[in-house]
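Shared chain: chain A. Partners: chain B in the first complex, chain C in the second.
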Partner chain A sequence: MLFRKSVRKRWLGVKYVVKLKLNDKEIEAEKGKTLLEIALENGFDIPHLCMLKNLYYGTSCRLCLVMTSRGKLIPSCYYRVSGDEEFIVDSPELREIRRVNFELILSYHKIECWLCNRKGNCKLMDISRKLGVEGLPVCSQCPLAPDECLLTKGILCLGMITLSGCDAECITSGGQCWGCRGPVTREDILERAFRRYKELGFDLNDVLFRAEIFWNSLKEFERIREVVEKVKGDDK
Partner chain B sequence: MRNISIEFGIREVPGVAGRLDAYVKGSKVSVIVNFGVLQDPRFFERFVYRRKPVDVPYLMSRICGVCSVVHLTCSTLAVEKALGLKHDEKILVVREIAKGMEIIQNNLVHVLMCVSDFTEARNVVDFSKKYPKLFSMMLGLNSEVLNIYKRIGGRFIHTPSIGATYSGKPIYKAELLSIGIKLKRLSDQFYDLANNLANIWKPIIPEFKDAAPKYCVLGGGSYPLFSDKLYFSDGAVILVEDYQKYIEEKMNKYSNAKYTLYKGKPFYTGSRARLEAYYTELSNKARDAVKLLDIDFKNPFENVKAQLVEIIHMSSMLSRMALELAESTENKISPVYIVDSDEISGEGVSAATAPRGVLIHHYKILEGKMIYANVITPTVMNARHIEVNGSKLIEELLSSGNTDETFLKKALSALLRAYDPCLPCAVH
Partner chain C sequence: MKAKGEVILWSLLDKCCEKCKHSKINPCPDYIECRVKGPLCHDDQKCKELRKKRIEELKYGVHGSKIRIPLSSCTLATGAEEIYNKFKEYILEKRLDTEITISGCFGLDYLDPWFEVIMKGYPAAIYVKVKGKDIPRILDEYFEKKDVSNAFALRYRTGKAKGEEKVPLLDEIDVWKKQRKWVSRNCGFINPESLEEYILSGGYSGLSRSLKMKPEEVIETILKSGLRGRGGAGFPTGLKWKITRTQPGNPKYVIANADEGDPGAFMNRLLAESDPFRIIEGLTIAGYSIGASHGYIFVRAEKPLMASRLKKAVEEARKYGLLGENILGSGFSFDIDVILSAGAFVCGEETAMLSAIEGKRAWPRQRPPYPAQQGLWGQPTAINNVETLAHVATIMSYGLEEFVKLGTEKTKGTKMFCVTGSVSRPGVYEVPVGVSIRYLVEELAGGAPEGSSIKAVQIGGPSGGCIPKDKFDLPIDYETLQSAGAIMGSGGIVVINDNNCMVDVAKFFLTFTSAESCGKCFPCRIGLRKLLDILDKITSGNGSEEDIIVLRQLANSVRNSSLCALGGTAPNPVLSTLRYFGDEYEAHIRDGVCPANVCKAFITYTIDQEVCIACGQCAMNCPVGAISKTSSGKYSVDYDRCIRCGTCFIICPVNAVQKVGKKEMVRGEVCG
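And now, the complex of A and B:
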């Protein structure tokens, strides 16, 4: 025989099928596909940030980690299935690991959603919601482009310093944010936001006065006042 | 003749929004009924003090989750008057449609909450078992109304999109057309509902007349939802700016809500008053419904029937308004905004038709800061009238030999519910 059986089958368009068990769900998948692709096709929602199909499989974000039957963690975007195997693709333990990894990514991200053209269509926002990571401001959800921002029209909006994720009509319709979900916790975001308020000509006392409506009884409010004082002190 | 003396209280009257206690003491000759609103006072008028005018409508809309649209729109109008702002007529019509939708929804829910007062059902759950089709019809209509509302205001509770500063979403012509068509269809369904309810209507007290017959509605126009005038049934038409000359607000020791008097006497407001004042302006179908339900406008218990008829009229009126607005709109109605200024001073009073009656918002602004706010809600207007009518009701029942305390309590609770008191509004 001139060629091996497998090569002949490939030429003839025959695909090899392997049997996989993902979280007790038995499925058949094409050999050679990545585990992430297979899981997504079968309805498992694995967060992933860095993988670009057919372009980049660098396993940089480490969000798509899955667990083998031996308890080893592997990046599913890189792992190509070759035989019958079992994986855990979603469990509380995995979600916690992914959450920590995502928080690490987010801590290096210079969050200035109010100036970002991706706002309203932000993957970081989607993943943070899925993993229960809070830290992005409401601007990440706002459908208005940066040049249409209400703040640039002189209308006070607390979106820059309020936690996103409420999905409320006021935000999704492009209206004002009143801060009812509470302040963002990261000080660097607050600082940048208050600097932006100042740049746009808002009196920071007015911003605090508006924020008082919902935040006056919060412990964090004292910290926010300190941030405002710091931003005010930059001029001196 | 045997001398009868009674004394009893009703703790937390069921079927009303909020905590309301009633206390009755007296004899056959004279009975005192106390309308005690024991919900905690919330001081909204105080905490808008020194705030920027643009913040005020949003804060005021939080007075009530059930009727937040009317507080938002009425407050916005008052602030705009104080700041001297005027908008396109279309914006006002959009607000009217939103507010009208709120009246429909509130009235419909209230009719459902009161079913024990006019049917054989003991309560809403019992009603759902005895008349399952009617019950699911009412729930279906309610959810349809809410769905239509979403197209205009985004969400029903604490709506963000109607007002001056909060409207982020433009309203498109296609949406207005859809709203108009759906409301027209709903109007027919509401008539069917009234027809079905008329067949099972059995009031507790069929013959009862108001102790104080004066009422107050908005004046000017045909069935106005916003107006600069107040109309009283004695023929007086006053400018809303002069309301303090005619309407006095007072406090009772036993209630956290104020009560109001017109020329020293109690008066009522609400659907029954509106229907009586604007009977000739009602749609044909609504007039048919008045005859079908055989409404006696002088009987306070009939307010529930009036609410049902008002739903029919309001849906056809709003349908017409939405279709006319769609016709005059090219593509969309864009949102409007107020931008703050520290230099503006002024005073503004506005009145609006709330689901339960006339609502007044009054503000004074000095150098861009709110220095005075006063809100008079319909429940506050009705408070004294409820007491007077309650006394008369108990007196009449005692005179006719009804001394059973359970029945007296049931009758008084039904009377209180018929006014549809909104207690969070009352203790604003």
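And now, the complex of A and C:
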């Protein structure tokens, strides 16, 4: 035999096919493709952040981890299929690991969505909604670009300090936010937001007054007051 | 001076006469055996005597006496250089013919600095814990009075010296007898910079034997021996070589990993500083058996002596044709480069090391593909720890029968362990795998020093785990340690006594690993940081019950989802202390007490008024002026101003300053 089997097949124009089992779904896939590509083609939604096709396969974000049949976690964006294998692509356990890793990423992200050019088209936001991690402000969902922001026009909007995640008409169409979903829990976001309010010339007492409409009975409201006092005290 | 007509063999590796056919271009396959056992190709009594004379010279010095002083990092730190200079002074002053040679360290670090005096016809005596001013007295005793009664031990007896019966042989000494010296057999007793002495001690016979076998046979021998990687993971060495050999792709590479960065582990350093040729021999055998023509030794840059010894050894081996082209006439060519690490802990991780050798930033890569499949420059690469390679060289020279007798069913052979911390005899001990932790810590290292008791040991460096005292009967092997929550690692054992708070210990190791994290993957970069934040919160007295749950969950997640072995093992100290010392965490959180009185948030210092002698040292040295004189003339601490630095505690000459838990203090005041 002149050539190996695989080489001959390639020469004949036949793609080399492997049989995979993802969760319980049996599929056939082209050899040499990454597991992430195959899974996405077959309707499995694996979150991924750091991978850039043909450019970066550094496996840094560890969100696209899948489990092999031996119970080992491997990043699917990097792994190229070479034989008939079984993988668990989605399970409560995996989702928990992804959630922890994503929370870690968020915890070191300087969240200033109101100034971010990617708002409305934010991958972090998408993944956070898929994984059920809350913590981003409403601004991340707002369709208005930073220079079109209502606040720059003098309209008081509570989007900067309200938790995102609702698909209500008011925010998806670019209206002002009334804060009905509750406040953001991270204090550093609140602090930055109130600084921004002050920068734009709003009286912080007005903001608090507006916020009191929905949040009056909340325990966290005391903390928000403290943050406001802190921001107010910066000048002195 | 050379007398007329007399032939002198300047080096054991030189030709004895013109009949010797060995040359660099056309090497003799029996070169090594020939050099030690006299000429093999021709039977000439004169040549044999020449060789015998040179061997005598090497053993006892050219003029019948020599002093062997270990110059390695551990002895240099305790002042060996000063002693070395004293020897020179003494010899110049007395006009002696005595030779001074250097050697490596023999592992018993609590005896540093030490030296050995050898004189033909008299016993070789080892003196330990010597001071510069004692040198003339000791040498006078030995050379003039022939009195060895003050020596620590003798290498052998001759019965001619005074006081010989009083001094034990080294092999009779408890600490020495209980060890099984296998790879470290030469450490301390040969000159690490002399190839002659290494060959005389039986070195390079392994390479010479291997080159006469087929590469597959060498791999088969190593497979049969059951040798497992001594770097920590315990992968069978023979299997690794077999995989690398059968992989397609040429050229192949072999790498010796000498990047040892664990705090409290220095067995690789000891081996490379005391017996570097053994590592080079092992690497050459590895290169021969996997079919590589180039090898690298990756040395930690923070250990310069180790790097320079290895470099010198490589040059020396190259000079005598033991590296280079056509080694020992076998047609096998091999060369070694010594590469200094990029200076980070993570460089010791095998894939990060590959990046570092390639000249990139030392970032780990995702496995699979494993280095055996795609390693250095994308070629199949076998990476072995230096201790593994030393084992290979020893197995090939001394045969595997003796090796297989040692160790347990699953793991054969011996392992070097560094026992440091709160023990009375810290040092490097080589024991068969499978001995209990108690044997190492209590019988060899002598247990805790007086006034304290052992609480736990940390095995495997910062990425290992803590094992408590009641589990000390566990045998040390890969599987048992893993199931107990620790890892074998490179073999560093840090002994922790009851003056240490386990939360603080976990924090210490995590501070190290989080600082050394390379930052490529998020779980390790941010996760370790967050774990450290939580531990900080607990030790500063702000912990809550929820923290323990978060700690456990986050640590497990970091361990499972990290990219490389650094992140995969870094949470081990937290998880193992949570497992065995969970009550200490709870005491910090629930009761607000640090059981060992270490965490600053939970302690205060008080001065016992009855013991205090009113010397005023504490008040003078207090950085915040919290200590003042009372009406009775004695001193007392102002608790609000005290920053708990502990200066007064250390400085008090009569131990009147006491560490007290904050809660006890408050209770005492209320009652009183």
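Here are some notes:
Just so we're on the same page, the second predicted complex is superposed on the first by the 228 of 236 C-alpha atoms of A that agree within 3 Å, B and C clash if a C-alpha of one lies under 4 Å from a C-alpha of the other, contacts with A are read in each partner's own complex, and residues count from 1 in each chain.
Note that in this section a contact is a pair of C-beta atoms (placed from the backbone, for glycine too) under 8 Å apart; a residue touches a chain by one contact, two chains touch by 3 or more.
Remember, predicted model here, so these are calculated numbers, not experimental data.
Once the complexes are laid over each other on chain A, chain B and chain C both fit without any clash.
By the document's definition of touching, of the two partners only chain C reaches A:S60; chain B does not. In the superposed pair of complexes, A:N101 makes contact with chain C only, with no contact to chain B. Of the two partner chains, chain C is the only one touched by A:Y78; chain B is not. Of the two partner chains, neither chain B nor chain C is touched by A:D147.
Judged by the touch definition given at the top, the superposed model places A:E222 against neither chain B nor chain C. After the two structures are overlaid on chain A, the closest C-alpha atoms of chain B and chain C sit 39 Å apart. Residue ranges of chain A in contact with chain C, taken from their complex: 57-62, 65, 73-75, 78-79, 96-97, 100-101, 104-105, 107-108. Listed in rising order, the residues of chain B touching chain A in the complex are 51-52, 54-55, 58-59, 154-155, 159-161, 165-169, 335, 337, 339-340.
Chain C meets chain A in the complex at residues 363, 366, 368, 520-523, 526-527, 530, 553-554, 557, 560-563. Within the complex, the chain A residues that touch chain B are 144, 150, 153-156, 168-170, 173-176, 178, 206, 209-210, 213.
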